[in-house]
């Protein structure tokens, strides 16, 4: 339909790498009267979501739920375990790693930033090398973005853990899983992460407005020594109330209704099935990109993201002009290139509550958008994705038989 | 995903020829407290929907809204203008025309059924010929299904009107638009239809539960002479109350909230744009079917339906086995073959609140389903549809520029 | 708030005797995508509601669910077991009994109407006397309204059954429970009712749009001989499909979602608790009416309704003027006096999903409305109701201790 | 109904002083798909709510909307205009003023707390006296809670402003309106407030999850000098993005849908009508309390709150035991006594989207709860409230005539 149509029919294709489409079950769970957050009914809900989030982070330790969007949980992670003047080691996976680094500066920390070209995940070897140099253990924490939403590169957290251990370094490990949790396998305890940061609006399939810190005992101990001014983000305010199912200040009650539903849905599908589904859609998308003759931004398959694929535009073509045409003609939102990637890449989100046919509709939309926008490409991307997904389905069938 | 997955992720593809996907705006409009159907707030609503439906039927005459699903409005059409023992002329477009004929028998009417092979719409010439023979005007009504949902053949109502006029016959013209209204152009007054029957769950984008009779002055006059026992369906019970915005018995209040929203949405998009969108998706679907090397049930392009396409299965393959695999693997519902078409065709609905990317996702689902089910076909159907829709979008753009 | 306020704050008090306030759980259950009514997911739903309604009617025999409002189920009851020309015995409990009688005439039946003053339920003795006179068993059915919504008088169905048995008469017993089912105890099988008629928008707490026939084996046998023209209402069309969980024509899918939820909610509370709650609110209301010095329309406590209370206005005062002031000042809808009670009574609904505080708010609204409208009355009605409900609560507590 | 009933019928009475009942219109507005917060549709929404909130605060200056609950906006107010080590003057109106003071300490500020007995609002004379003593202007800010939710005392902000001016003191004025905004008249610009803090879940009728800072030019200037570490709360991050309708990090999209609806609803009713309605319900409640022979905690009518009324329990009776019985028997939540008022008071919220009949139902619930719990009191409280509201309605009527 053309851009001057008054009403656009059908359902919008929200193919940005988050917020993701919120399932009806979750929207309807949230669409209920707000209850007294100091009453017995709330208490049951509080216990349910606090316990449920542990299963999602794969941790036996406390999870904090903030009534605030994800940037807040970033700040919370830094503010609870660090003090102004502390040095931290960060890795430049892309735009969001850069924002987190800039936040650290605003909080009075001294981040050291291992540079990179925004086309890979965090390089564990580089981290290990830098930590080995830090004989006096001046670096208090290593901060890594698990899935860099601006580039579609996923860091290998288990390798980063091993790098720290190999270096014999006591730094805390802080990991941002805002765009990966509940989409890509993640293991807070097994991987020895000290603070995991996450948010509600991606793999958890909720609207934005909740964010999380999963905390190791080592992080809890570090928090006792932090001199960073804070109250809203303070774990020590939260934990005693959380133990009873309550919160020290007003929680995001209706979003918590949705969170309870989301946790149920993830377990109904099975986390491993959820991860496999994301892997499948990512592979289908990459096959489409290759068939179009376009380049995937992530240059090393080791770091491919199952959450989104960033696609490099051919020289002389503007990604945002293409995105605008795709939005106007096909009612689909794609992710923009951020800061230094502006105009040079577009991002296809393939995460959250989605399925094969929606992904194929989206890839068809990209292929038609390229055509309408006059971007040079070969046909057959959607076809390649379809062939792959049909094979997967056939395979699943034999396996099940 | 395999059929044994506990939760199926993403949004179901409901590609049956109705009920159609209900837009969120309509579901949310219905999700409001029921009001007093004898109070002033209801009265405003009643007037709004009764008037609004006239614009959808393109009539200046009364429209009746029944708090009952579509089969009821069929019965109402017959029961108001006919009397037990009356002869009526009906045309066998397919399963639904047959059901209507069977209903006529149950109501004590004597339907004469012009047979056909279920692969075309109503043949106006055959109707004219039969009416010319009926010198004594024993046939009191001609009953035609506008869009035969079981076959994907659309009758040309203006031609049927002309046939009756050419024959100089006084029979009433009764038309079923249950699956066509608000999807295919329809003109109650201009085409001289006496009773148009319709329902809520197709082009009107509502859940099932409301149905309609649009009535000509000639039909109203005929109703005065009907001796068919009835009350619930009786127009004369309805009309005096409707004039004030009320109903003689309890109306479907919450569905009426949705109907008001649906009428607004149709006009926001523009009825002509709605029709053009349906035409475009139908053509895209037919191109896919041809590319797969399969046969379209409708054998004459003059009767192609913009609402659904029935596809003939290759010999030796069961349409329902294919449909079941498609449902289990790709979470898409397709229409089954009805009675004599059982197992031999499947039907793709492309109507209601939908858009290019959803249709392409659906066609990809059919192509993958054919593959998974081992149905012989050529690849490239979804690609052919995509190429066509991309061309349309480019064309629209130039036109708009 | 005055009648010229643009937005009226807070929740409307819908104190008419139906439609009743729809609980959020039910509205939200309905606010979900419409599914394929021929698919496996629907089949589960179909079986669930068809079976569930048996538990509400207290029957082991089939229950029919029409996608139509209650008047349709009245027509269905008559049309399935009777034939044009049949004589039936009806009792004039009030406006709705009169409407049913008028419907019988429209259907070509010959109703005999035992007159009454609209201030009692059906008089079992009068029915027995008339049946004894009918030596040739010309009367084919006895039709009784269980709860007469226009008057607030409830008929004793077990006594009517006994009357028929005492007379040794083979007439069928047809009972309208549209405004009583799931509010007042009702036992289709135990009381030997042949057809029970009901609707969705009262005790079942749904919006209007579904209606019901519960059927005895004797009624099923009678249906075989009926010559009344019909299809939509025909049981024989329904029953074979229902046995598999399906329907012969498009069902009211989204209302069925709500019905499944409603049945669950009734059983979660317990039907006996539901009935006791209605009894309590009815008694509280009658105490308020007496304290105001006003007259209850129902003149014999034996027939008091637990669903609504009709209140007689003092001479020289118009009930509708009072109702309008109450609506404008206190945003509460009360029931109007129907036909011969027009202007002379108003009706307070105390049924469906309600509780003590809402009923007390409503009675306070009546008391203030009487005051604002200048209707002579004594203060203290709401106080009397409150005293009674506080006693009930204290008693419950001791009982539970 | 007793506490062991499985399902509690009817609608819960949420009579705590916030969160307040969320109107269906707002819940339904929120129950819609999340959109791309970097797209053109969001931009329109962003501009609409940012501009709309200015009308609610009565300011021409920027309003910040945080995707975080109210405690966050407290922290934001302090963190943006102050630096660690700064002295601030605060007034002990009650529990929430104390929490804010404790937060100031956590943030490294040095609050000076003017003590009080928790039974009045902020004493402007005491503030003026203290500021006059502060010759060196060491106090950088005066922090006052407009409506103290723990006590039901409302401070006179215009008087506090005057006190600061009389003292010729440059301190900033920071006001917490979390529980008063959109319930009690408030004028950010006219009263010369520098930072007004508020939240979504009280007068704005939303679920919790959004909070606000309204900012004066003087506050903006002060923010330039603040050395408090922060990013999430930082105004300078927000304002440049807000000017285009966007946010620097993920906003609470679905709550913003609700906020847009809430602003519309407030203006449809008219802010002055909203305030008058709250005043009326507060007066009705106080009349009930007095009739019961109980004491209102607020000891000076000058400070009476139109948002809630805290009621002192008779000696020897526990407020929480009474609250629990009221919840179990009548499904109504009342506010608990906080910290030093624990067990000694209960709080009746009469704010947000409510009306006369709901308030009377609630007061009836309190009166019955007192009776069931054996708390000594006189009957007639609900009656006194009802008499007052009936008078108001009659008066409105004459005025309108």
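Which chain is which? They are A, B, C and D, in the order written, and residues in each are numbered from 1.
Keep in mind that, in the parts below, a residue touches a chain if its C-beta (ideal position, glycine included) is under 8 Å from a C-beta of that chain, and two chains touch if they have at least 3 such contacts.
Keep in mind it's a predicted model, so treat the numbers as computed, not measured.
Two copies of one chain, chain B and chain C, form a contact in which over half of the residue numbers belong to both partners.
Should one ask which of B-D and A-D has more C-beta pairs in contact, the pair is A-D.
For the pair chain B and chain D, the distance between C-alpha centroids works out to 54 Å.
Taking the mean of the C-alpha atoms as each chain's centre, chain A and chain D sit 35 Å apart.
Residue positions 11, 21, 28, 31-33 of chain C each touch two or more of the other chains. If you check the complex, the residues on chain B that touch chain D are 24, 28, 31-33. Within the complex formed with chain A, the residues of chain B that make contact are 1-11, 13, 21, 23, 31, 265, 268-270, 273-274, 277, 325, 329-332, 353-358, 360-362, 364-365, 367-368, 371-372, 379-380, 382-383, 386-387, 389-390, 393-394, 396-397, 399-400.
Every residue of chain B that touches chain C in the complex is listed here, in rising order: 11-12, 14, 16, 19-22, 27-28, 30-39, 66-72, 75, 79, 84, 102-103, 106-108, 199, 201, 207-209, 228-232, 234, 248-255, 327, 333, 336.
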